[in-house]
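Lettered A, B, C, D, E and F in written order, each chain numbered from 1.
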Amino acid sequence: MVVGQASRLPVCHHSWQAGRLPHPFLPLPMNRYEQFQAFRAEMNEKILARGTTTTKRFFNLDTKAYEAGALDAKTKELLGLSASMVLRCDDCIAYHVDQAISAGATDDELSETFDIALIVGGSIVIPHLRRAVEFVEQCRAAGASD
Amino acid sequence: MVVGQASRLPVCHHSWQAGRLPHPFLPLPMNRYEQFQAFRAEMNEKILARGTTTTKRFFNLDTKAYEAGALDAKTKELLGLSASMVLRCDDCIAYHVDQAISAGATDDELSETFDIALIVGGSIVIPHLRRAVEFVEQCRAAGASD
Amino acid sequence: MVVGQASRLPVCHHSWQAGRLPHPFLPLPMNRYEQFQAFRAEMNEKILARGTTTTKRFFNLDTKAYEAGALDAKTKELLGLSASMVLRCDDCIAYHVDQAISAGATDDELSETFDIALIVGGSIVIPHLRRAVEFVEQCRAAGASD
Amino acid sequence: MVVGQASRLPVCHHSWQAGRLPHPFLPLPMNRYEQFQAFRAEMNEKILARGTTTTKRFFNLDTKAYEAGALDAKTKELLGLSASMVLRCDDCIAYHVDQAISAGATDDELSETFDIALIVGGSIVIPHLRRAVEFVEQCRAAGASD
Amino acid sequence: MVVGQASRLPVCHHSWQAGRLPHPFLPLPMNRYEQFQAFRAEMNEKILARGTTTTKRFFNLDTKAYEAGALDAKTKELLGLSASMVLRCDDCIAYHVDQAISAGATDDELSETFDIALIVGGSIVIPHLRRAVEFVEQCRAAGASD
Amino acid sequence: MVVGQASRLPVCHHSWQAGRLPHPFLPLPMNRYEQFQAFRAEMNEKILARGTTTTKRFFNLDTKAYEAGALDAKTKELLGLSASMVLRCDDCIAYHVDQAISAGATDDELSETFDIALIVGGSIVIPHLRRAVEFVEQCRAAGASD
């Protein structure tokens, strides 16, 4: 089955995309976001296999919303990122950081997006900011240049 | 005292900026967002007059975060708008719609920002989307061209 | 254009469905939920007229999710109601109270749903509970029998 | 029926407690918080009249939690206030401002509580801060000295 | 002290209920929800041992709210589940999935409840949906038939 | 660079402040909150190194808001704690428990603060209450007397 998410390959987790994944609950050698990505891929497949038509349509719509239109793809990912940060969803933040970097976002653009989320959402955003910055590092280390 | 907010004049509520404001609780002839703007201006002044240094610094920081940098002002306002929509803060939405339009956002750009917020935040965003679309209308009617 | 919402006519606001609506901002003789319903109808039409394909698909999906399946329609509306109460969305609560009553929910079933939301969501749910109970009264007065 | 809330009379809305209340939906001469208080009293009575045992027990527990213990009553109301502000519940804020003032909170103590909520919760707290400051004014005008 | 939670034994974590629990921070051989259940049991005991009367009453009330009444127990657990999903509380989701399955909920009923939460709460619910589906699997594997 | 946070040393994690920290992702021998503290220190440094002026100012303001003023430091930490609990931010709860204990909060004062948060925020606070009580234990074990 083809779902929308499939076409949105991020740049910074090549290591787990080679079909040689250990089980996601074996913590090494995957770092936190590799675990997230592996778990995400495994469970999305299960969700869509058992889900209703409503579930599947929502997942497709979720992909469609970020396609370039009047706003370009990078801006849309940053919009998803600021929304995810103020809602304090680490997995959503990881996903949109990944996609934004794939779409060409620089470190300065990410930092300014983080600032908007920090000011709008307050100090409770800070723990999520820590994990976001950690993931930017892991993305860049995996080959996504600034 | 001069605070940062003062320099961010929006384009679409000229009618209440002429010093001839009735008390904000007299409902006519102001529409909903004119009331919001009038109440906002009145209370911000009181907050800053009685507030602590912390209060004043936060208000200044809130303004500073939206100044153009690596991201332009329009993009930053759209980031504030998507964050405000998923947090379901009508007054914040009104403010950022206003600022985004002042910074040149088109109706299509606003609609795509609304879509991101709708998908990220779900159907509970819809009541706020209704009021956001109403305000875009009121802004455009007040002279802010698409 | 036909959208899904159109087929979900609630039982308790006949008074404003007769094409003789005053403008929604004229506060009388509509009560609070009549205003909500009128504003909702007016703005949904505008949202769908100006919205993107994504917007329209989400609105349709929102309707589809509440259709009877393994769970009957009344239970699904109560699920939407408990979710709306803990998220503290008055308009959403109004909508689902309306739909649940249309689907045959009794006052006791509504009260027990309110209790779940109150315990899960805490005392911040109470202001919304007040408005929910007010609306149940207005629905029953408009002809929806317990 | 006697419920816990009944013993927590706030100091700043004498005007509507004299049995001469107009219907709460007649907007004058009550200001916003007088309307809130009147609506609160009316609906709490209805909620408790129709509510389940669970509903009534929760309402009693809600009162009991703010009684002086290891922490004094004023501190507990300020704790309820900071929690209500970051959750952005205007009615809850109004209630706890009222109770805190009754328990002797000064303007400076309220301002510092507002600051904690502002920093923790971010700029989305600001619209609620405006209404909180307005209500402090209305409380003080009604006779509650700083 | 006997508290209500004690009588709500779920069907799908027999393995840790035999008094032979290793310390909850030894990660193997417990899976994620076994860890959750063990930690929950250990800490609830401590909370109730050190808690105030208010704490204990709230815990009892929390149990009472889900007892069958006008709505049956399964429906109430699904109401708690949809509320927990839109509030994005993984432990609460785990608990209500467990209880719902114990009360006879089928996979289709769970999927339709997930859909309501997904549409109401948006894409930020998805990471929690992944963990919910994982837990349904673990429950079924532990002997709870569909 | 000196930032405000630096002067707020908590009493209960001496073990990781001795410059002999293993990498935070080596899970032993650190318990959960030692890991939190180590990760917090590491990432705050990175955030401030790469952050904008807005980021740095917000971090300083966050520290300043908790300094003694009309309210003493202990009360302010309890205000931050109740706000963090209803917003369900475990790291924020850990931080404010730590600071409150450093400022002299007793177990009874903490329990009553937890009760306010539990009543305001509802049963979804319970999983966070479990982790808060666990951390109080870890703090006391590390030498912070009641």
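Throughout what follows, a residue touches a chain if its C-beta (ideal position, glycine included) is under 8 Å from a C-beta of that chain, and two chains touch if they have at least 3 such contacts.
Here the structure is a predicted model, which means the values were calculated and not measured.
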Co-neighbours of chain C and chain B - touch as defined: A, D, E, F
Listed pair (A-C, B-F or A-E) duplicating the B-C contact set, over half by residue number: A-E
Chain of greatest Cα-centre distance to chain F: C
Classification of the chain C:chain D interface as same or different, half of numbers criterion: different
Whole-Å gap between the CA centroids of chain B and chain E: 41
Length of the line joining the C-alpha centres of chain A and chain B, rounded to whole Å: 29
Two or more partner chains touched - positions in chain A: 52, 54, 58, 61-62, 65, 69, 84, 86-87, 92, 111-112, 115, 118-121, 123-124
Graph class of chain-chain contacts, one of line, ring, star, complete, other: complete
Interfacial residue positions of chain C with respect to chain A in the complex: 52-54, 57-58, 61, 64-65, 69
Chain F residues touching chain D - in the complex, by the definition given at the top: 61-62, 65-66, 69-71, 75-76, 78-80, 82-87, 92, 106, 108-109, 111-113, 115-121
Footprint of chain B on chain E - complex, ascending: 86, 118-125
Chain A-facing residues of chain F, complex: 25, 39-40, 43-44, 46-47, 50-52, 54-55, 58, 62, 84, 87, 89-92
Interface residues, chain D side, partner chain B - complex: 31-32, 88, 107, 111-112, 114-115, 118-119, 123-124, 126-127, 129-131, 133-134, 137
